[in-house]
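In this document, chain identifiers A, B, C, D and E correspond to the written order of the chains, with residue numbering beginning at 1 in each.
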Amino acid sequence: MIPDAVALQTTGAIARLLINGLQAGAIYILLAVGLSIILGTLKFVNFAHGALYIIGAYLGLIIAQDPSFGGKLAEWGFGDIGLGFGYLAALVVVPLVVFVIGVLMERFVARPFYDRPDTDQILLTYGIALILTELFRVLFGGASRSIDQPPWARGSATGVPVLGDALTALGINAVSTWRIVIILLTAVLVGIVFVLIEYTDFGLTVRAGTVDAEMVELLGVKLSRPYLVVFGIGAALAGVAGLVGGPLVNFNPDYGATILVPAFLTVVVGGVGSIRGAVIAGLSFGLIQAGLVQFGFSEWAQVGIYAVAAVVLLVRPQGLLGQEVAA
Amino acid sequence: MAVVTGPATGRGGGGGDYPSLGNFPIEGDAAVFGFNVPTTGPYSSEGEDELRAYELAAKHLNEGGGWVDSQFDDLSGDGVLDYQIDYVEGDTATDPSQATNSANQMVDRDGVIMFSGGSSSATAIAQQQVAQDSKVLYMCCLTHSNETTGVECRRYGFREMFNAYTTGQALAPVVAEEYGEDNSFYQLYADYSWGQTQQESMNQFLTEIAGWEQVDSVPTPLGTDDYSSFLSEAANSGADVLILNHYGLDGATSLQQAVDAGLKDSMTLLVPLYNRPMAEAAGDAISGVFGTAAWDSQIDNEASNQFTEVFQEEYDRIPSGPAQLAYAQTLQYAAAVERAGTFYPPEVIRQLEDYEYDNIGMGAETMRACDHQAIRDVPVVRGLPGEEQEQGSYFEIVNVTSRDDLWYGCDEGPAAECELGPYGDE
Amino acid sequence: MASTDATESEERTTDASDTDRSEATAPPEEYDGPLLQTDGLVKRFGGLTATDDVNLDIEQGERVSLIGPNGAGKSTIINLITRRLDPTEGDIRFKGQSILGLNPHEVVQRGMSKSFQQASIFPTLTVRQNARVAALAAEHGSFRFNFFRHRDRFSEVEGVARETLEAVGLWDQRESPAEDLPYGDKRRLEIGIALAADPDMLLMDEPTAGMSPEETHATVDLIEEVKEERGLTFLLVEHDMEIVFRVSDRIVVLNRGSVIAEGPPEEIRENPDVQDAYLGGVEL
Amino acid sequence: MSDETRRADDTGTVDETGTGLAGGDLLTRWRSVKERESFVILGTVVAVLLFPYLFARAPVVSEILQGYQSLAELMLIWGIFVIGFDLLHGYTGLLSFGHAAFWGGGAYAAGVFAIHVSGSPIAMILVGTTFAVLLAWVLGFLSLRRGGIYFAILTLAFAQMLFYVALQPLSNLTGGDNGLGIGGSTIEPLLGFIPLDAGVPVITMFVDTWMYMLIGIAMVVTVAFAYRVLNSPYGMVFRAIRENEQRAEFVGLNVWRYKLMSFVLSGAIAGLAGSLFAIQQARVPVESLFWTTSGEVVIMSVIGGVGSLFGGPIGAALYLYISNIVQGMSEVVLFTQIDKLFPGAQAVVLPEWASPAPYWHLILGLLFVLVVVFIPRGGIWGGLQSIGSRIGSRFGGDR
Amino acid sequence: MSQSDETATEVDRETTDTSDRSTVGQSILEVDAIDAYYGESHILRDLSLHVEEGEICALLGRNGAGKTTTLRSIASTAEPEVRAGQIRFYGHEITHMATEDVAVRGISLVPEERRIFPDLTVEENIHVAEVVRNRSNVLGRNISFDREQMPDEDLYEVFPRLEERLSQKGGTLSGGEQQMLAIARALKQNPDLLMLDEPYEGLAPQIIQSVEAAIERIREDGTTVLLVEQNAVAAMNVADRCYVVDQGSVVFEGTAEELRNDEETRQRYLGV
């Protein structure tokens, strides 16, 4: 009896650690995969990636619900611009719109800066992030918002048939359905991107172009288009991250800057350009945070990921799965 | 300070001549107040509401109306002493540095004789520092931290708001009555001074007053925006009650996540302190959850009703708790000036210290001399369901815990650590 | 997006924590043996053997050229000698002491300077400052000078800089930014920078690549001049046989990573192995 | 090494032909440089003296500018910070996104020292600067393993880590989220007898308080120090590394050590600025370690002009002006004092929608992006210089 | 991801007059007095040459003479920069055209050091070149002018070693196999003109022979070949016509036979 109880307790603890780590890591992963393929393929540093999260979140709010905004929009009489089409509509529209925004960014922001020093890219995108943040603040007001969870994913996952039983059996009794949705959605989206990059012609040219862009062009492939698409996909992932993170964590225009730093760290630790690396790093960060909390060192949870990142980068400067790039 | 001296005479000086100190004497015909609130950043909606109240206070001081006519006998409605009241506004962005800069600007450039504001303890404490160093009075608005009138207390700062310590005292009897005495509780607290004292206070008073038992108390790092790991540990603890000691928007986030994780079904949730942006952000999640609030328009007494009325008249909206604080603090200062007969800060301070009043809708109060903390009642509220919420109305008043059951002596609790510093005329 | 130069980035990663060991193990004052020796030098990249058991002996004051078809391993040897790559096997001795384990800059401080294939200069610094940077490094080593003293107080340095610029004929342009020079002059400045470091030995990697015939001519003259005046030891990698035959005392021919011939120019010209190397072993 | 001996033999001839001539040349050159240096320092002194007067007290000008004394102090402090930052970014070419570590680290060290040991401003500055130097040594050692964007992200990550450390595990020492309240009364008078808020005799009109005097002196010292360093061999080596790192290594320079040196010097100046900030504010907000602080100094530096000693302080002043004064301009009054010049003329008050106050962040962001796109190396200072030289050449051309 | 169809439209094949090309011996590539620079370094000086349909043309010269630069100029890579002169392909100017457009027009370059993608498998390496073909099929147009693309069987008949290693990573191949892969990849582009830069470099003699055989085979299939070699003798073995380049200019033009007989040129420019 007693060993059984202990075993169940241990299983429960591990299961909780895993699920908490997964859900904490999911958003990092969504952001980091996008950042990583852009940085790996286009060699472009996008400090405005966090702003894309915010765009996704606000856009999702507007499409899914009928929010009323403060800020200048309200002053000009457009405070109620919500469409109220529901969350699923947002899930379709947001990635598309943010994809287009990403494509425009590649064309009009990134491309003119490919030949400039990479520090200029940082400065430029940092500036653009500031401007976007401010535009949101001015237009929508500074108040924090959240997106309502869609009715089909509200409440605790323990109430969901089958899944709930499984969770209970594992000793997990506090996890919202939405988190499970995030984990699944992340897995699906990252899976799609992975397949796209690994198993399609498009992905083939992107991977080849990452290594030797000139050679790919010599083979007659125009890379500027895959580049547009890569930037678009990276942006769309950030947008989706905002959309699925919106019901979980309150966001305001400044939030983009807050999540940018861990996202970048995930990329660098995972290895630039590596989707697997981003996933592994994101999960590690999630697990480290969850583990530190679970084992009573919660005050070190934030410091923890930075410290781990520092150690990884000192031991392996190119990141876990990264190729050494001329720095 | 104290080096700058001069034969300057305060006009309207009630017979005495005072040396110049800080921004005293006032130049010109208008006394300038500074209203330093967050107009950008996540707390801007609260800041804007405070600003409305400040502007209303200035208007009533100059033209009469509101409490100036009815509650504050010291005030004439025709300026303060012989001065019209003018004001400048600043943006703290809920950032202590920005708050300090903005306060310095008011003191240095605009020559304010008093400034007020603050929507977080860090900004309030920073401004109080400016006040002490520049010898210009600061009337704290919304700040709930013990430090404001504890270790960071200043002679030039006064706080009307209650603090974290008192919140536990106020909540304990109410929840004991509601949920019975045989409960165990689990606490999550934001790991900084406010959260720590809040957590200690909850532990102390829920144990002492309600007879509950603490299972565990776990700090969540500042800047945490995903509490899921913490919440699942809490759910797993077997406790009956979960207390979320998170301030403002963090509170909204943790509460919402707790509700999403299904914790509301298995546990009773408590949040120690409500404010409007938090309630707005949390939405339906606050439904049925107990907490305390600075003030609420539902508090039914003459002063409260009157304030709600004039505010609504002016702005067509229900005033928030911080708005009441802002309005009251401004008038409180002006009344003290009238009583002192001068704007000379040390005299005004002496008028405020140990002042007894019952005119701002919260019952009888004392502005204690030892730590500049108002000793007053604390409203305990319960969140309304989402569909019953409307703009300005998010919770119902359950109880107003009397000040006789609350507070601590000058040699206990936070007050023991308070050293107010000099008046500036010693 | 310049992934084309990714191939060049295969450098020895300089360990940041390496300390400045040049002072500790400075070579002896008197040394009469070969200036540079490589001893069974092998470098493998994965399965590819880029240099295979290369033994070089370069005497003081000697002018040696390294030739060979593309891919023969010339640049690998240069990179090994300048410590940008670590050899898989073998040893490199400069002035009789092994330089393995030294950082590139320490090798330079011991007196081995390198001139690059492309004009590798400091573009926005003036011509004079370009020379000064190099002269400073040579004169004071790393970190021997005070960061609070004005740079113009180092008059010895100024002397060297001037001497060098006069030698390469750029003294008159000393105050113009280096990036404004015509290409040929930039290459001369590049050589000047290498000379200002006051080397005992100068490695030159295709010093005339991309120059016009006149510029090439002037550069060869410059090399001759320096050779006469300074008695410098040269190791030259060059494709232009005219230059090779004109300036070399000795020629070393590499093919597939190995030395296949070595000797004075006349001898090399007649050597059938060398012809084979260039002709691929196929009969005419 | 035969270096020394050979030089001794050879220089005989060189001396006659080369150095002999060069000697005279050098002397005049040295004199002119020395003059240039004293000119720079003198210029800084004059600017530091006039600035608060013009900004906060001069008739008309100060009222149009709406300046005030403590903002002038703050501008100088941040100006020092930017000079330190630019030493690394502008001259050595390394973009750090973690300079908040040295600014905040210096400020905290000074503040903690004041509270627990001594509130002497000079001691606080020494402690804060020393701490920043040590911190820079460690962080530089770790971050300089990578270049370019990785360096930027590494510095960002380390600084962010310090922020979280100060926020929580060390909150007993740092005051955590509330910040570290030092208190004006904890800070002792300068040299034991000059209170910082006392007026300065004789030149009161210019500098107002000893606080400003202290900051002003720090600014002058920083400028002189930075000028010296940049014109020492180090400065030349820093620039050489920025221009062509590989070449610098192949003239025999230990590039890594110079980069570290540049990082440390830069951190030291940032720490000095941080200590002054702690003194001036009598408080250290924990946000001083947050990465937005690093971002602010980047913006100031780029706006003002990368790689120019005076661009930085100009950028700092502009940034603080916009974030403090434009921020509060709820109405824009043009020609405020016009009636003094033209009696009867009226000031123009622009309608509320034209107020720049709500857009101050946006203004900064746009300004920053415009500079990055169009004048990435020159900034505003560079722009002014080129306008100046254009005017100069036009007049020159006329002759 | 759909590659989108614009590229093919941009390459306006319509304007290319296809009727001329049937004539054997017609020059398909004309390089007309070009000057090319790497940065400021002036590499090609007034260089002219032409390549005739169906021939193997060799470009000889010592290291650094400008041979590679010539090929890169024709392929229109980012570097070098052609500042003067014209390059025409089938009478159509291609100077300054985008690299990929030149490739799509039927010029394929196998660069020095092969430049295979080390992390991609052999199959993927070859397939990258087919991405373009696939796109043209989508458009219902054949990107290559008259001939069908070499079928896989034929390709692997020429390079049997590759077929055995289809799923192996490119980086793990030996030097000779990498060279084969690079050529095979170029053939998948179905070029009209195949440019090979030092295909024998670093290869053992027996492998050189198999590469030679492959080149012969390619010519038999009707592809024109422009070959750059330092190894003059090996080049002369396969070439119909040769150019000798020195210091960025053509100093000799003639058949391989003529070059063999021209002792002076060989001595002077080829060191032979």
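Quick note on the criterion: a residue touches a chain if its C-beta (ideal position, glycine included) is under 8 Å from a C-beta of that chain, and two chains touch if they have at least 3 such contacts.
Just so it is clear, the structure is predicted and the values come from calculations on it, not from any experiment.
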Exercise. What chains, if any, are shared contacts of chain B and chain D?
Worked result: A
Exercise. Taking a step as a move to a touching chain, how many steps at least join chain D to chain E?
Worked result: 2
For this session: Take the average of all CA coordinates in chain B, do the same for chain C, and state the distance between these two points in whole angstrom.
Result: 73
Exercise. Distance from the CA centroid of chain B to that of chain E, rounded to the nearest Å?
Worked result: 79
For this session: Could you grab the centroid distance between chain A and chain D? Build each centroid from C-alpha atoms only and quote it in angstrom.
Result: 36
Exercise. Between chain C and chain D, what's the gap in Å when you average each chain's C-alpha atoms?
Worked result: 41
Seminar exercise, completed: Where chain A touches two or more other chains at once, the residues are 137, 211-212, 214, 299-300, 302
Seminar exercise, completed: By the touch definition above, chain D meets two or more other chains at residues 145, 164, 167-168, 361
Exercise. Which residues of chain C are in contact with two or more other chains?
Worked result: 4
Exercise. Contact residues on chain E for chain C in the complex?
Worked result: 38-43, 45, 62-65, 78-79, 112-113, 171, 174-175, 198, 200-202, 205, 208, 230-234, 237, 247, 260, 270-272
For this session: Enumerate the contact residues on chain A facing chain D in the complex.
Result: 39, 45, 72, 116, 118-124, 126-128, 130-131, 133-135, 137-138, 257, 261, 264-265, 268, 299-300, 302-303, 306-307, 309-310, 313-314, 317, 327
Exercise. What does chain B use to touch chain A in their complex?
Worked result: 40-45, 191, 218-226, 228-236, 249, 252-253, 256-257, 260-263, 265-266, 277, 280-281, 283
Problem set entry | Complex contact set, residues of chain C against chain E | 4, 7, 46-48, 69-71, 118-119, 182-183, 186, 206, 209-213, 216, 239-241, 256, 275, 278-284
For this session: Would you tell me which residues of chain E are touching chain A in their complex?
Result: 1-4, 6-7, 75, 77-78, 98-101, 103-104, 108-109, 111, 115, 117-120, 124, 127-129, 131-132, 134, 185-186, 189
